Structures are given as C-alpha cells and as structure tokens.
C-alpha cells in the first residue's frame, strides 16, 4: 500500500522556531526511502516525530492505517538506529539485542534463538558475548541494527547511518543495508545529507529544505530532472543557469543557446557534461586537480565560474591557459519541468 | 522525549523546596537580623559592630589570615602540584591519595595533633630548645601563627587538587616551546604556567580563602578565646550573650566576603584568555 | 621540586603520625613522643559511654542524611541534565548554597528558626541540616555522571518498548551507579566529620561524635581522644580506600 506511512500537514518545532511546516509525505510498504537534505532542513526532526520522540505542533501521522499522532513512542512498533548507535554500554552485545524482546516477555530458548537470528542477519553471529566498548564503529552499528530488527518493526528508520564510517566500510554497509532490506521486506527510511548514498540505495528520495519538501522521486528522476535549482545543486550539478525570456541568465549577461526549451526553469550541467576544448565560450583556467581517471578544472568565464571534468587521458591544461568550452544541450538536465 | 516541563518540575521540586525551606529561608532570616534596628531595616547594627575596636581587630585579623593562608597555599600548592604532575607512572595516584587523605579525617583529630606538636612540651619547642635557638619554650599555641599553620594544613590539599587538574591540562608543548626560546624557570612560571592555570588557581584560591574565613574548629582550638576570628566571635556572642544581632551581622559579612572572593577569583580566571 | 613535595607531604601527614603515636602511648597525657607503648587508650575508647552513644548518632545521621540527599538529589540532577529547566542556574545555586555559607551560621539559623519556634526535635534538625549539606555534593557528582550518558540511550530504550520509568531503571541507573556510590562516600564522610553545623544543634544526650570529642577534650587531656581519632581516621581511610579500589573515587572529586 502506497500510504503505509503518511504524514498530513505535519508541523514541528522547538521552542520558538518552526523546523518543519505542513509536511505531506507518504511511504509505501516495503519501500526503501531516503530523506535527503542539508543540515537543518528538518529531516532528522521529521524522523524523530514519526518515532514519537517529538510531539508535533500540528498535523497527523498515519502508520498502517492507524493514526499514531498521539500514540506513545514505546507503542508505535517503530525502530530507530541513531547516528550515535545509542547502544547500552553496560550490557553485552547479546543483551543489547535481547533488550526489546525481554520487555515483551520473551525468554529462554526462544529468546536465544531470536537473538542469534538477529546477529546472523547482520553478520555478527560470534559476537554475542562481547562488550560494547570492544566493538568497532561498523560493528556497533550492526548491533544497533540487529537490536531494532529483531523487534520486527513496522517501520525502521536510520539516522545518517553511514556518515561515521570510513570510505571502504561505507560501501560495505551500503550493500548490507540494501540486502537486509530486500530480504526482510521491512519498510525503511534513512536520513542523510549525502546525495551519493541516497541515489545509490533508495527506491525513492524525498529532498527537503528549510522544513519543506523540494522534490519527491526515484533516484533517476531526481538525477535527471531536478525540480529546482536547489535540488540540482544538491545532487551534484555544478553549473546551474536559470532560463529567462528564452535565454540563459549568466553572470555576464543573457546568453542564447540554440534549441533552448523556454518552458524550463533552468538548465544544469555536471562537470563531466561540460565539453572542454571546443565551443562558443571561453574561459581561463584558474584551478587544476588530478583525480586519477579524470582531471577537474575550474574556469573563470564570462558566464561565471565553471567546473569542468575531463578525462585524464586528454592533454592537460595549465593554469592561466585560455580554453574554449561548450555547454551542450544534450548533456544538460532540465530543471523544473512538470 | 524531554519536553514536558511538568515532569521536570516534579523531579526537581523536592530538592529545590527542601533547600529553600530548610536552608535558604532560615539563613536569610538570620542575616536579616543583622540589619534590623528597633523594628525596621537599618544599617545601625553594622556600624555598631564596627564601632567596637575588638570587632574591627577580629575582622581584619580574619581577612589577613585568610589572605596569608591563600598566598602560602598558592606557593606551596604550585610546587607540590607540579612535582606530582611530573611523576611518571603509578606513584602519582598514591601521591594524590596522600594529599586527599587529610580531607577525610576528622577535623578534631587534625587540630589536636597541632596542639600536641606546637604545645610547650611539643616537638617544635623541644627541637628548638635542643638546637639551642631558644632557652625557654615559645608560646606558639593560641596565636595567629598557630591558626595560620592549622588552616594551611587543612586547606592546602584543596589547592593542590585544583592545581593538579589545571597543570595536567596545560598544553604539553607550551613549556618546552618556551624553554627552546630561552626562558628560565621563573619566566616560564610567570608567563606561561600562571596564565594558563588561571582557572584552577581561581577555584583553589576561592576554596582556600572562603575556607579560611569560615573555618571554626581550627581557630577555636588553636586560637582560643583570646585570638578570635569572625566565626569564633560569632559563636561566643551567641552562646555567651545570646546576641543574635551580632550573629546576623557577622554571618552577613562572612557570606559577602565568600561571594566577593568567588567573584574576584572568577574574574581572574576569565581575564584575558591567552 | 621533589624536596618541596616531600616537605609538603610531611606537613600534611605528619600530624597524623603524631596522633597515631600518641594514641599508643603508655603515659597519662597527650604528648609526643609517647612515653612507652600501650593499647590501653584504645581500649578506653570503647569503654566511654558517651563515645558509644555519639558514635551511633553520628553513624545513623550520616547514613540517613546521605540517603535523603540522594533521594532528593538524583531526580534533581536528572531533571537538570535532561530537560530545559527554567532558571536552571538559579536552582543549581540554591541547592549548592550550603557550600558557600559557614557551617556555624547554618546551625544557628536552623536552631533559631526551625527548632525553637517550630519545636523541631534536635535530632530532626540535625538530620535536615546534614541532608542540606550533602545535597550539593550529591547533585554535583550525579550530574557529572549523567553528563557522560547520552539521552539517546533512553530514547532507544523507549523505542524498544520500555516505559519512561523502565528506561530510567534499566538503562540510566546502572550507568550512574558509580557516581551515586561516590556521592555516598563523600556524603558519609562529610556528615560524619561535620562540626560547625552541629555545634548549635547539640543538646543533653544529643551530640555527634566530633562534638563529643571536643567536649571531652575540654575536661580531660588524656590520649583516649587521640586513640579515638586514630580509629576514626582508620575508618574514614578504609571507606575511601575501598571506594577508590572499586570505583576510582578520585575521578569524581
């Protein structure tokens, strides 16, 4: 059901500030959803409100057809993996995972079995007797995950699950989270500021800014058709130029581009979409950095600063060199179409 | 989850109300006694208090001794704390324990030890006579000197502990850097260590100063009825003459001086962060 | 530097050596060095009736006041650590104020405004006074413990199905246990050795041990007080050493 979780005009705040205003959002059962946005956009606040840790100022929250807006946090059957993992330091790995189950009255062999299953799912079968301080960051996170998952929650939320991990671990955990989600079919929401993660893992992405939703869509939709310059910028488009009166608005004045669709709000190019070496525009190389397979250039141009990425196999350009470049329509994303 | 103010109120009310009722209210009432004259608010008792030369002497003596003890504690404290901080390995814990020990022992015991040591037949006098520095036992007890010594022993650990904390948090390389630039020990102390350990010094200083002013047993036992400090004066006025007005005045003076010392010390700590 | 430390330590600890030695003296007066060694004064301590009574009073008072201070202080520390309490700083100051006021003033104030007009029994007044004195320590030490424990742990427990109270007892309490024990030790020792507050709040038959010792010394100058002091010192020492061994007490001081 596409409205497994639904928020209706959700308004949240702390003290005098309003963090989220009239938020309408829905999540389908079994979906892997990302809440993406910069710090302060209200994504974590929303997550906490859904979990029941923050009382809404206005609006409603529905889960599986039930209005849970006033329901106590310990009765919502929602799991949450905190960014800091929030493991219980005085308990062993086993007891951490068993915590919620014991509260439900489970004990003995049934408990042992469930805990063992939970630990196996996250690949920590042999860690049951360990103490929390002995674990690495990645292991702690997996314990936190198992702890929530053994409760078989209706909804599992993760707050910035990968930001504390180093690069390699991050990739491993990405894969693991996706696998766990597909295997168990649990509805998962994860909150992140990293667009790469969101694009890689989620079925659908909700992009938030200043307490409002900027765009909702699949990763492809967000990547190829960002709804606003903000979203475009956030997902990695470096060159975003608004369209006004059929022409591109640039720092150096309006620029015409053949074949421009005037109904679009803006056009956006990624650094690798800018063609270096030939074209109607020119700029001075102000920065060069080598990134293995590619080279990144920062050009000072009449249109404003432009970032270009070119294959490292091509002849390198030097600082101060004047180069020609093009902003081809084919590689541009149309921002703000329907 | 921690939004309901009502919950916080219920949790903190007992302690707050208890403190207010059992402590704050009675003490404020006592203090106000020192400012009432013939039924209305007045500074008369205060000026009457200072009109007496005995009272004045006691007041200045209290301040003087407190200041001296604080200064001595600072000097010895830095030396001892630095020596402790420099110790490598497990010995440090034991040293700290030895410093903290006196704080845990009954003040009665502490003070009486001094009676034994400083008395006419005590070790100090016997040593002095033995060495030939004097022919007759000196009267050390029941003097300001005795009070000074007793208070110093009582309060020095507080200063040492505060300074240990501050010295341990010194940026490790600061002293080494200064030495490389050619500073000698005194310069290092004045220009690097003192400023950077301001806060610890302020905390320790306040504790020692306030402690000296508000000590009772030590001045009572080592000073006797002749060498009074403000607190022993207070006790005397109340137990002998039931003079609650004086008690109120003295109590107010003591509290104000404690607070003032606190503020001055905080100012020293915060001034000119390096 | 080392020499200075040695002298300082001698200064701080020397007097205790004197007391210990004096208590083992075979002679008649409190003197050092002692004339001969004997345990007779240590024995005498246990025989003096008033010492026994006042010891029991001091002990009961210390245990009772420490418990009461914790019962008041732990919830208060929790509230201040987790909630946005209005006037939090002022409340902290109010609770901590006993540390800034001379003990004798406290004793007198309580005598004059609680005991006399309200006819409080002296023991009750002593109990209230000692509790008020220990409360600041309890609050400070428990607050320090709580500061190191993230609130998210309780939130996690609640989300796993615990009630608020359940979360506190299952997750917060075990982690502040060491802090609470440290506060208990501090409180106990503070109450037991407390003199100024108890000075005015004593009466016939109601004397804390230190007051009793002071009184005794005004009459007789024999080494039994030294012996008692030694025993008490040993007791305090034992408590603190055990606490240090099991808790690392110095972390909290």
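Each chain gets a letter, A, B and C, in the order it is written, and its residues are counted from 1.
The criterion applied here is as follows: a residue touches a chain if its C-beta (ideal position, glycine included) is under 8 Å from a C-beta of that chain, and two chains touch if they have at least 3 such contacts.
Owing to the predicted nature of the structure, the values given are computational and were not obtained by experimental measurement.
S.K.: Taking each chain's centre as the average of its Cα atoms, which chain lies closest to the overall Cα centroid?
M.R.: C
S.K.: What chain is the most remote from chain C, judged by the mean position of CA atoms in each chain?
M.R.: A
S.K.: I'd like the Å distance between the centres of chain B and chain C, where a centre is the mean of that chain's Cα atoms.
M.R.: Chain centroid spacing, chain B to chain C, equals 18 Å.
S.K.: Quick check: how many Å separate the C-alpha centres of chain A and chain B?
M.R.: The mean C-alpha positions of chain A and chain B differ by 58 Å.
S.K.: Report, in whole Å, the distance between the mean C-alpha point of chain A and the mean C-alpha point of chain C.
M.R.: 55
S.K.: For chain B, write out the residues touching at least two other chains, lowest number first.
M.R.: 1, 3 - these are the residues of chain B that touch more than one other chain.
S.K.: Can you list the residues of chain C that touch 2 or more other chains?
M.R.: 155, 158
S.K.: Check each residue of chain A and list the ones that touch at least two other chains.
M.R.: As it turns out, chain A has residues touching two or more other chains at 53, 73.
S.K.: Mind pulling up the chain B residues that touch chain C in the complex?
M.R.: Touch list, chain B to chain C: 1-3, 5, 7-9, 11-12, 14-16, 18-20, 22-27, 29-30, 76, 79-80, 82-84, 86, 93, 95-102, 104-110, 112-117, 121-123, 152-153, 156-157, 160-161, 210, 213-214, 216-217, 221, 231, 234-235, 238, 244, 247, 251, 254-255, 258-259, 262.
S.K.: Quick one: which bits of chain B touch chain A in the complex? Just the residue numbers, please.
M.R.: 1, 3
S.K.: Which chain A residues qualify as touching chain B in the complex?
M.R.: Contacts found on chain A: 53-55, 73.
S.K.: Mind listing the chain C positions that touch chain A in their complex?
M.R.: So the residues of chain C in touch with chain A come to 150, 152-153, 155-163, 166, 170-171, 174-175.
S.K.: Which bits of chain C are touching chain B when the two form their complex?
M.R.: 1-2, 4-5, 8-9, 11-16, 18-19, 22, 30-33, 72-73, 75-76, 78-80, 82-86, 91, 94-95, 97-98, 100-106, 108-110, 112-114, 128-129, 131-132, 135, 139, 151, 154-155, 158, 164, 189, 192-193, 195-196, 199-200, 210, 213-214, 217, 225-226, 229-230, 232-233, 236-237, 240, 244, 250, 253
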